[in-house]
Structure formats: structure tokens, C-alpha cells
Amino acid sequence: MTTTTPQHDIDSPENLARRRHGQSVLAQIDGHQGEAVVDSLAGISPALGHHVAAFAFGDIYDRPGLDPRSRQLVTLGVLTALGGCEPQLKVHVGAALNVGLSREEIIEAILHAAVYCGFPRAVNATFAAREVFTERDDDAARTSGEASQTSTD
Amino acid sequence: MTTTTPQHDIDSPENLARRRHGQSVLAQIDGHQGEAVVDSLAGISPALGHHVAAFAFGDIYDRPGLDPRSRQLVTLGVLTALGGCEPQLKVHVGAALNVGLSREEIIEAILHAAVYCGFPRAVNATFAAREVFTERDDDAARTSGEASQTSTD
Amino acid sequence: MTTTTPQHDIDSPENLARRRHGQSVLAQIDGHQGEAVVDSLAGISPALGHHVAAFAFGDIYDRPGLDPRSRQLVTLGVLTALGGCEPQLKVHVGAALNVGLSREEIIEAILHAAVYCGFPRAVNATFAAREVFTERDDDAARTSGEASQTSTD
Amino acid sequence: MTTTTPQHDIDSPENLARRRHGQSVLAQIDGHQGEAVVDSLAGISPALGHHVAAFAFGDIYDRPGLDPRSRQLVTLGVLTALGGCEPQLKVHVGAALNVGLSREEIIEAILHAAVYCGFPRAVNATFAAREVFTERDDDAARTSGEASQTSTD
Amino acid sequence: MTTTTPQHDIDSPENLARRRHGQSVLAQIDGHQGEAVVDSLAGISPALGHHVAAFAFGDIYDRPGLDPRSRQLVTLGVLTALGGCEPQLKVHVGAALNVGLSREEIIEAILHAAVYCGFPRAVNATFAAREVFTERDDDAARTSGEASQTSTD
Amino acid sequence: MTTTTPQHDIDSPENLARRRHGQSVLAQIDGHQGEAVVDSLAGISPALGHHVAAFAFGDIYDRPGLDPRSRQLVTLGVLTALGGCEPQLKVHVGAALNVGLSREEIIEAILHAAVYCGFPRAVNATFAAREVFTERDDDAARTSGEASQTSTD
């Protein structure tokens, strides 16, 4: 660490490298959704965006001690219990699908959470998951339609 | 369901069967710890004890859609996020060990939760996990001591 | 319980009977609103919908130890305190009216909750209650208008 | 309000009257337990103690729109849902008994809350209630013993 | 306090004076936004509106022990942690600007809160703050446009 | 960052430097209390201890955008609202004193939080603060006693 850039400077070469690494982890897991959150934070709270990427994904998510599937199960539990985090829950339902959890497993995980945090939070989380599934179905239908359109050109 | 025992009667033959089934699921997962909670509820809120066994374990935990290891990861996430549930967290850290999560994975799951519910809740959960690990070590030392004592008799 | 249908099978004859009983309790209390929630869960998480009906209403709500008016007061307290459960709060404000709480008592219950969970949660709950009252007034006005329309035909 | 004592002066004649009125409401409902909380706050945060008495009990609890039994049901719901408020829950379980709720109704109210805020919070609240019941039994046994002692003198 | 108006009567001369004083404190801090909340409560829960003004602002906010800037930092911490209070958070972000916190300090305070209550709550709070900043910019642009329009008439 | 030490390796030279820097920030603010938490985490979750130091204090707390006094006000708000974090609250009440908040300001900040998160949480936080004040008084008395002892030798 050079003497001229303090640790808190999110644009130091070290922190830029950390952020880029975190963004690559995030991109692998969340695809476009996660990047969109970091991008949308860039304009209002660049440091929050930096730490979501560099700390949450670069430092923590990337650790070898727990596989991504297990991490998403923990995250689904935390976000269902917290409540009021539907946008984040949707990103992480998408991530859960990306790392190999099935739709049925995600719905089952939320049902399981109901025992510990009550039905209202579980109902909200279930509907957030449904939105993600519907968006994926719509995307698939559109892609399929475009493919079919292309094939008939 | 007979006409003489309403559904809410926790001592109807049907509910007795459901409770016993739940207790067997609970015993497989939590061993003595979970049974102790249900037993200690029996004197003050028999219906709460019944539903912990019959509903939480008999109806939900036993469902085939998610393996016990995955269920415990969700539970660790929920209980870490809720806070103030250290007794339950200790039972479920024990359960997590019983269904095959390693100590390192449990500690890692709690670290992962810190990103989403903050450091204070994660620190509390980590110390609750440590208590369980220490109790297990003490039990193992005692058992080993007894075994050694026996072998030298 | 037959040997061929495990307890977790929500479509076993026993569980179908439990769900139907719960739905009848729910219909008495919540009318169409509660049924709508269970119906909307059916497509995405049938088991969650089943347990809302069979467990929450069939097992718990129907118990004789506390009258529906008292249950709704507890529920208003819990949902106001949790926050982020406005859809569920609206269903239960409707249920509270159905079981005999006046609008004034509901508003007073939420004011009372403010002491223990703070003003912001209470303000949100009050506005959720207002939405229910307005919907009821609109329904009454429409029904009255239709009746008046009919009478002048 | 005189020009010399601002509204925030908790020792103005007006606020002293408000606090005394609140304390009389509190004494009627909570007996010694509630007074003990206000007294113990007096040394560290006199203003918090003042507002617990003057606002929470003098302004809100004393309002005619909801009977004390109903208020305690709301309070049990809020405190069970919040978690981590066992000391306050114990005071309010005592208050619930004082205003006419039976032990069975209190335990049932907490069971009911479990549906909406999950089992762990309900288990904690049930054990807090049990502590209050045990203390009352111990007090009754001691009083009975003293009475018996006196009668044999 | 006269014998004919009980303390809980929010329209007694004493309480009217308390409410008016609270409204003047609120107006100084929150400007139109806070008044709008109290006004919108007046139709559905006049007592809640009264206590927001008389208690929250007249009794507490106006106390000399902590300056408004410090109070808003505490409030930002509480509301970010609670979650689900975005409308209140927006009012208090506006209030924070009014009492002298800069946009950068508000965003930094929310980033700081992330350490203790997790990233999802902080992201939601950051976006709520952005909405307030955008509204202020739009108002400024409109005012500037009108001024420019006026100056060219 | 060398190619041989991944970002998540908390013992890489970069991360060791980050942790040491964070520990120095922590030591300035929290003195022995904060170090004790990190030390006690070292044995059970070294990564959590690392990130409390490197991220929470090195990355966030040390940022120039908000002075330590303001940060502690936000932290008091968050921890009071969360509840169940009394150990962390005690550390941060100590830190608040260290960075220049008076006892009266801390008690006032918690009273202010009561408006937004309810009285029970505020009462718990007030008693946690009292414990810190008492410990400081005891330390001061002991030190003074030792000094006096020394001076009379």
C-alpha cells in the first residue's frame, strides 16, 4: 500500500483491483441483475457500490469455505427473515437459480423459513420469487420467439 | 377424522400420530436438545410443543424437497438475522453438525450472513456457535475420560 | 394415517380434510380476502398455501382458548411491529372488522402499538387500515348505488 | 403553560401532573413491577422514565377507546414479535394477569403470535410468561405460608 | 389541568397548546413534508397525528440536550435499521438536509449503518435518499425556471 | 496483489496491512473493549474478526466524510433499533464517550430513538449505557484509590 493512497480511497489501485475482482465474482453469480445494482449505486453512493462489490463479493462470497449453493440458501434465509428487502431478494433468487438451486428448492427454502420467521414474511418472499420466475419465463419466451422469428426469416 | 375430535384437539389419535412422527424427525436431527425444548414446553404450552413437533418437524422439515443440510443453512440464516434467538440458534447449530455441516461451514455461513444482516448479529451468532462447539468438546473429553477410566479399571 | 401417504403429503385424505377445515375457518373470518391469498399461493407454493389454511387457520385460529376478536388484536400487534407486511395487515384489518372490532378500536390498537414499536411502524399500519376502510366504503357505495339503481328501475 | 417553563421541562407543574397521572394509571395496571421500571430509569434517564409514565400510560393507555384487556393483547403481540424485550414482556404478562387475562389466554395469545412471527420468538415469550407465573406462585405460596404461620401464632 | 378535561383529551386547551408547539418545531425542521404527514393522519387517526406533533416533536425533539443535526443522525440510523419505513426515511432525509447535514454526510451515515444492519437495508435507504435529492433538484430547477421565466417577462 | 495470494486470504500481506490499519483505528476509538471483541473472535472466526477490523474500521469508520462523533450517533441509533445487541451497544457507548459524546448526549440520543423504535428497545439501551457508565465510575474509583494509596505510601 503506497503512502499516498489511504485504505479508504476506493479508487486506489489496490481498491480498484479489489472492486474489479468482486465485480467478476458478482457477474458470475448474479449476471446482469447484480451489476445493475452496483451500477445504480455508482451515481449516488460510489463507496456503497464499491463495498458491495469488493467486500461482499470479492472478500466474502469468493471464500472457499462454503459453496455458492449453500451461500444462497443462507442468503434466502436472512432476506426472508429481514423483510422489506424484496429488491435484494429478487436479485438473490436469480442468483440462487444461477448457482444451481431449482425453483422447487427455492420455494421449499422459503417455506422452511416460515417456521422460524412466520408466514407473512414467507408469503412476501414467495411472491418475490414468483416475480423472478415469471421474468425468466418471459425472457425465455421472448428469446424463443426471436429465435423462431430468425429461423423463419 | 372422527366427528368427536376436532382438528385443534392436540390429543386426538390423528394429532398424537402427527406429534409422534414429528418427534421422531426431531430426534433424528436434533437429538436430545430438540426433545428437551419440546419437553420443557409441555408443562407451560402443550399446544406450542405439539406444533413444534407435529408442524415444524413432522409437516415441514420432513418434506423431501430439500435435504436437511440445506434446511439447516436456511435456518442459520433466519436465526442469525432475527437476533435474540440464541437458545434456538444453539439447538440448530447442534442440528447442523448432526446433519453433516462442519464447524467451519457453520462459522462461514454466519460470516456470510453478516453481509446481509450486519456484524453485530453475526458476532452474537458466532459466539452462540462457539458455545455449542465447546459443549461438544467437553462432552467428548468427558466421554473419552470415562472410556479411559473404564479401560484402566 | 395410512401407510402409503406420508404426513407431509398435502394431498392425502387427512391433509385435504385439514386444509378444507382451515379454509372454512378462514372464509368465516376473512371472507374473500383470505381465500384470495391461499388461491394465489396455490400456483407457486401449494404447500405454503396448504399450511396457511390447515395449520394457521385449521389448527391454531380455530382453537377455543381465545376468541377471534382477541386473536385479531394480537395479530394487529404482531404485524404492526414486524413492518413490511402491509398486504397481510390489510387482510387482517378486514378480518378484525369481520369479527367485531370497530374501526375506532383498530386505529386505537395501532396507536397503542406505537408506544412499543415506534411511530413509523404505527403510521404505516394506520395508512394500511385506512386503505381497507376506504375500500369498504367504496364497496358499500357501489352496492348502495346498485341497489338504488335497481329500486328506480 | 407559563412562559417560564417550556413544554420539554419534565418538572414543570403541568408535566409533574401528567407524570403523576400516568403513574397512577401504571400502578393500577402493573402494580409494583411497572413502578419499579420507572423508578430504575429515574437515576439514569429521568426523561425516559417521565415519558413512560406521562406519555405511554397517562396519554395512551388511559384513552377510553380500548379496554385494558385488549391493550394487553396488542402489547403481547408487539413484544413477542420484537424479540429481545423479555424484561418488558414479563412486566406486561403481569399486567395482562392484572387486567383479567387468564394464564391460558396469555399462553394462547403467544401461540397465536407464532403463526405470524415464527416459533423461536413464541418459545422465548412462552418461557418469559412461565417465569412470571412461577414468581406469582412463589409469592402466593410465601403469603400463604406467612398467613398460616400467623394463624398458628 | 382542569377537572373537566382528562389528560387523554387531545383537544383540551393544554393539549392543543402542546400540539401547536410541536407543530411549530416540526415546521422548523421538516417544512411542508412533516406537516403533510400530520395532516394526512388527522382524518384517520387524529390521536396519532397529535402525538407525532405534541410528543415526538414538542416533547422530545425540542429538548435542548442534543442538537437537531445529531438527532437526525440518530434517526437515520434507526430508520435505516428498521427497514420498511421508506416514507418516514424520506421525510427525515429532507429534515437532515434542513438542519444542516450535507448530501454527502447523509449518504455516508447510511454507508456507516451498513456495517451494523447489513447492506440490503443500506441500499434501500440510499435509494430513498436519492429520491429526496432528485425531488429537491427538480424543485430547484422548476423554481429557477420560473425565476428565469419571470426575469424575461 | 500478487498472483499467489487471492483476495480472500486474510493473511496475505495486503490483508494483514488492512487489518492492522483497522485495528489502529479501532484502538483509537474503542480502546481495549473493541480489541477484546476482535481478539475473542480470533479463535472461533478469524475471518469475522479480520473483517470487523479491516472492513468495518479500516475501510468504513476511517473515511473522512463523517466525524467519529457523528458515526457513533448513527451507530447508537442502529443498535438501539436492532435490539438484542447489548454487548455491541456497550462497546459503542464506550466508543461514543471516547470520541467526545457526553453521558447526557448518549442518554438523550437513546431517548430520541424511542420515538422511532419504541420504548422497550430504548429502555434496554439505556440500561446498557448505565452499565458502561458504572464500569467507568468503578474504574475511576479504583484508579483514584490506587493513586491515593500510592500517594500515602
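Chains here go by letter, A, B, C, D, E and F, matching the order in which they are written, and residues are numbered from 1 within each.
The definition used in the following text is that a contact is a pair of C-beta atoms (placed from the backbone, for glycine too) under 8 Å apart; a residue touches a chain by one contact, two chains touch by 3 or more.
Being a predicted model, the structure only gives us computed values, none of them experimental.
Common neighbours of subunit C and subunit E, by the contact definition above: A, B, D, F. Note on connectivity: the fewest steps through touching chains from subunit B to subunit D is 1. Superposing subunit A on subunit C by their CA atoms means rotating through 120 degrees, a value rounded to the nearest 5. With each centre defined as the average position of its C-alpha atoms, the distance from subunit E to subunit F rounds to 29 Å.
In terms of their C-alpha centroids, the spacing between subunit D and subunit F amounts to 32 Å. For subunit E, the set of residues touching two or more other chains reads 47, 51, 55-56, 60, 63, 78-79, 82-84, 88, 107-108, 111, 114-120.
Put simply, subunit D touches subunit F in their complex at residues 37, 40-41, 43-45, 47-48, 51-52, 56, 78-79, 82-85, 87-88.
Put simply, subunit D touches subunit A in their complex at residues 114-120. Those residues of subunit A lying in contact with subunit B across their complex are 55-56, 60-61, 63, 65-66, 70-71, 73-82, 88, 104-105, 107-109, 111-117. Remark: subunit F residues 1, 6-8, 14, 17-18, 21-22, 47, 51, 55, 58-60, 62-64 touch subunit A in the complex. Within the complex formed with subunit B, the residues of subunit D that make contact are 83-84, 107-108, 110-111, 114, 118-124, 126-127, 129-130, 133.
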